[in-house]
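See the structures that follow.
Next come two complexes, and both contain chain A; in the first it sits with chain B, in the second with chain C.
Entry: the complex of A and B
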């Protein structure tokens, strides 16, 4: 039996609303997660923005926020130590990430040709990533120890003068970078190895048939094909290296002098040791903006556009 | 029969009354099963209290504290949970606890230089608000009055309110190798010149460093240099207790003190002086690689521990030397425990009960015996402990206390420490000359005082 015309008309708007909800359900389903995400990111961001234009004191067990406008900004303009920290961070990022990429790629290229004992070398290579940062700090601090460390013992055995690895301002940054390289090359290696092993064999065979030598295969076949993987690794390592904290905190605490002062460590000191919450907040915002600027710029570059996530 | 029963009932009631009527604070004997002990083994009865938690640092003296807490629990039946944290995390944990809605800790242990932040911020309960009858035993050291907060003068002085209690009383001491000094016929140095002469005579380059400084950037070098600075008659600020924050750290005596410090490090220390922290000092002296150094009293237990030391019985301590024309001086680095304001009164009372027990002679004696170095009661230093060889540090410690000084007791203290910790280290590693380092430090400290709204000023710059 057909329904009455009036009934059908009455059901019309309800049906269309239901259809609309049905058609857009996937978006509605995202709303709770989105709200939680906003609450967890937006609120702290707004709070930190408010802090950046305030001075925060404590009295009678209460936070006392005083709006001070650009006072923190003026402190920033006069802050010579932050500029040194930024310079050191950039040196750290450029040197560490470049060496890590070169070493990681070289090892991955070598390893993908080895067919035997894959499980063993992969397990060995992954070990440094698994070691907690605190253990890495203690271990390397011992190895760098002037009187008892293995490096100086080796130098003395070779008849050379021992070095103040962490106490000489000319050596300290290099010593810290070496630890970072040891820690993170396996990460680069593993991801690039996975990328290399996923390359189509046909393309490499075709290059062989065409008479390409090793360098030509690497330059014109392998590198372009693993470009997306490379770009992801470069981006991740750059961001992680920019945020370096634990290794430097444990090895040198930014010293000797200002030789290894980096941005994250400096913000930690301002915020937690000196208890200058407003100024620390401003520095945190500037660091976030710097990283955002890097990611944005990177995605616009040729290398960045190879990123499969770039959309 | 009936009268006997009545008599027994009366005696029983009398016994119950006698036990209940014992006033709080009456000493009770240790467990009856134990053999008779001398009078000092009588401990304070503080009554039954709910369990409490204390935030405490993992320091060389922690082992002694843990044992004494166990003793407290055995004797009183009360529970004290210890939340043990490494030094680096202590301040943040204490801040989070005291600034939150309700602190998970009933005692927070605070490094002396950070106490001002807690006093000024109003995060701790004045102890008389918890128990109006609470009196600090005169035998308990106040460590240059760092336990009090004077709201009017914004300074830690005895006219203020009692805010915390001492848990441990570090000061810097002079450590030296007795065997080598005796063999060379050298007396214990009293002046820096004698220290330098001993280093010159006995030091053997990389095999035995004549003198080692704690030169790591930050608190390490700032704290280490204070004895030299104060001994030379210099200061960081002119008269902070009375509100004059004129920066005086770049005065000529301060420069002389820094020059001497740098010369000691460079002439007699290892080339990595700029990265040497407290653990490195302990390592160097216990492995026999250092002849002399200045270090906190709390590091002492390592010296005579055969598992950690190659020089058991060969190290002793003395008052930190002074310049030939200067005075004895040593910085205080003690720990103060405070009761957070944001906990219920019942927990505050339970917390105070523990400290009343802990600060008795008997508990302090045990604390020291268990390795809790240094205890905070002065009569412990007059006890038989001081005559035992393993407690030979006590005499030097007691002698040092009159010269011990609290520093950076103002809200800008952490900033001043960061500035000095950096500039002194830069001078040590050769990035700056001593004059330049002190001039730059003075400028940065001046800015910090200015921002803090202090009455401040600068001395003329030292010639660079």
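Entry: the complex of A and C
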């Protein structure tokens, strides 16, 4: 540490300035983050508030802001499309997250009882998490294709009639949910497997000694112990399923009709297809408030005292 | 955990292998289609002569912009990753290494407010921010500009980087730093020479994840770029939006877009999962 000792011997005001900077390192280490947050989150948040009470037109290369007060709010009250998008999003979130949790937990319970080969299963399961969601949308779009997709080929081979997986309004939502399940079951599996492997062996052995059968061990020993992890994963998946955009954009763009219209997609359309930046801003604010309320409620009523991912 | 034995073990392996096959099947399907002529794709046949034509057309034909898209993606992902590693590490250091609010209550409040604010931007859909970003960037000349996209990707990945680095810096023993101070090291010096070398694994994890997230990011890139600055996901979605879809080229583009993910799949799933979960709930 000789160089540091050397600088310490430097004399005069330069030294005291350097010392001051050094003593306040904890504060200026925050400066880059603060600049980014101010410019790219706080300022946009303030401008979103202003946008929500304005109508913004683009003319001659310039944005013209007109203050229109509650007009956007009035559009919102009458907007039945947004209500459909919200309903679809809720259906999507509830169905997808429930199935993902059940499948992910089952696979994790299975895998934690297998010693050999677990590493390979893990490695494969990590793949869907890392691939671009757009690529997943493309893959499934090819598989769902009416004329040459793998599903319809299988149906025809079995002597059944092919289905319009993405074009049939009654089927489109289920098809989209299936893609989300494929995408996220591996994630739930990996987290829960890590949680199960971290459980104390003694508790399970004690249950064995007490003569508990498989179901009793699951119900009274394992589930209560991984309860906190489960609740975190449910929470995490719920928030991320609520954000869903990329896959649905690729697969159906919200169609047919409004069958798979979800909140993110609808906000995107209001912003960039209809060019209603003011009204889009109002929808964005309401979405953000909804998520804040949801997260707040969760934290308030959290099942586990200690968050397993806090350490 | 107790292990399965005998028949149960075989059944367990079969179930896991089935699950893995279901995960791999779409990849096999898209790779197969990317090697087919358009006519073979429409026939849906399993017997075909593999061809590189789709890849050639995607990369080298005059109408295609894909090389440009790859360059844009690589540039944006690299630049935003380097920036987010630096900013995230400094922020994490500042927030974990000092007793915020020991002297003033305000300090603790500020720390909580800052963490909460960062957390918020991890939870809300990026699309809600794209509207104001679009307006601001248009006025600043950052629309259709790679620098603008880099800035947004830094913002989107900063929460993950900060939380991940916080968890790694917390694990560095205090004594290491104290010893450096006693040896006459400055705080900055101690940070650079004592803490940084210890948290290299954390830096790697953060780097890998932010690169992947930036490479995959779609909803912001879709709305803040135009043809010269489009990234790979935007290019792929353009294939799918065309009136007459070029399925072969779309498949080839999709396969190329997944290459970094497949390379990094082996880099260690443990910290990938940890990185995904952290940041969300702390």
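We adopt the following convention: the second predicted complex is superposed on the first by the 260 of 311 C-alpha atoms of A that agree within 3 Å, B and C clash if a C-alpha of one lies under 4 Å from a C-alpha of the other, contacts with A are read in each partner's own complex, and residues count from 1 in each chain.
Going forward, contacts are C-beta pairs under 8 Å (C-beta built on N, C-alpha and C of every residue); 3 or more make two chains touch, one makes a residue touch a chain.
Given the structure is predicted, the values throughout are model-derived calculations rather than measurements.
Engineer: Based on the superposed arrangement, let me know which partner A:204 touches: chain B (first), chain C (second), both, or neither?
Structural biologist: A:204 sits against chain C, while chain B stays out of touch.
Engineer: For A:60, decide between first (touching chain B), second (touching chain C), both and neither.
Structural biologist: First partner only.
Engineer: With the two structures laid over each other on chain A, which partner does A:220 touch: chain B (first), chain C (second), both, or neither?
Structural biologist: After superposing on A, A:220 lies clear of both chain B and chain C.
Engineer: A:257 contacts which: chain B (first), chain C (second), both, neither?
Structural biologist: In the superposition, A:257 contacts chain B only.
Engineer: Go through the superposed model and pick first if A:166 touches only chain B, second if only chain C, both, or neither.
Structural biologist: In the superposed model, A:166 contacts chain B only, not chain C.
Engineer: Once the two complexes are aligned on chain A, which partner has more residues of chain A within touching range, chain B or chain C?
Structural biologist: If we count touched residues of chain A for both partners, the winner is C.
Engineer: Once chain A of both complexes is superposed, is A:43 in touch with chain B (first), chain C (second), both, or neither?
Structural biologist: second
Engineer: Could you tell me if A:267 is touching chain B, chain C, both of them or neither one (first, second, both, neither)?
Structural biologist: The answer is second: A:267 touches chain C but not chain B.
Engineer: Looking at A:147, would you say it contacts chain B, chain C, both, or neither? Reply first, second, both or neither.
Structural biologist: Both chain B and chain C are touched by A:147.
Engineer: From the superposed pair, tell me which chain A residues show up as contacts to chain B and also as contacts to chain C.
Structural biologist: Touching chain B in the first complex and chain C in the second, residues 63, 147-148, 272 of chain A appear in both lists.
Engineer: Note which residues of chain B are touching chain A in the complex, please.
Structural biologist: 91-92, 98-99, 117, 120-123, 206, 216-218, 270-276, 280, 283-284, 287, 289, 341-342, 414-415, 418, 422, 425-426, 428-432, 447, 451
Engineer: Given the complex with chain C, which residues does chain A contribute to the contact?
Structural biologist: 1, 3-5, 7-8, 22-23, 25-27, 29-30, 32-33, 36-37, 39-41, 43-45, 47-48, 51, 56, 63, 107, 110-115, 117, 120-143, 147-150, 153, 182, 186-187, 190-191, 194, 196-197, 199, 201, 204, 208, 232, 235-236, 239, 242-243, 245-246, 249-250, 263-264, 267-268, 271-272, 277, 280-281, 284-285, 287-288, 291-292, 295, 307, 309-311
Engineer: What residues of chain A sit close enough to touch chain B in their complex?
Structural biologist: The contact residues of chain A facing chain B are 57-63, 75, 78, 81, 145-148, 162, 164-169, 252-259, 269, 272-276.
Engineer: Mind listing the chain C positions that touch chain A in their complex?
Structural biologist: 1-4, 9, 12-13, 15-16, 19-20, 22-27, 29-30, 33, 41-44, 86-88, 90-91, 93-95, 97-98, 114, 117-118, 120-121, 123-136, 138-139, 151-152, 154-155, 158, 162, 167, 180, 183-189, 191, 193, 212, 215-216, 218-219, 222-223, 232-233, 236-237, 239-240, 247, 250-251, 253-254, 257-258, 260-262, 264-266, 269-270, 272-273, 276-278, 280-282
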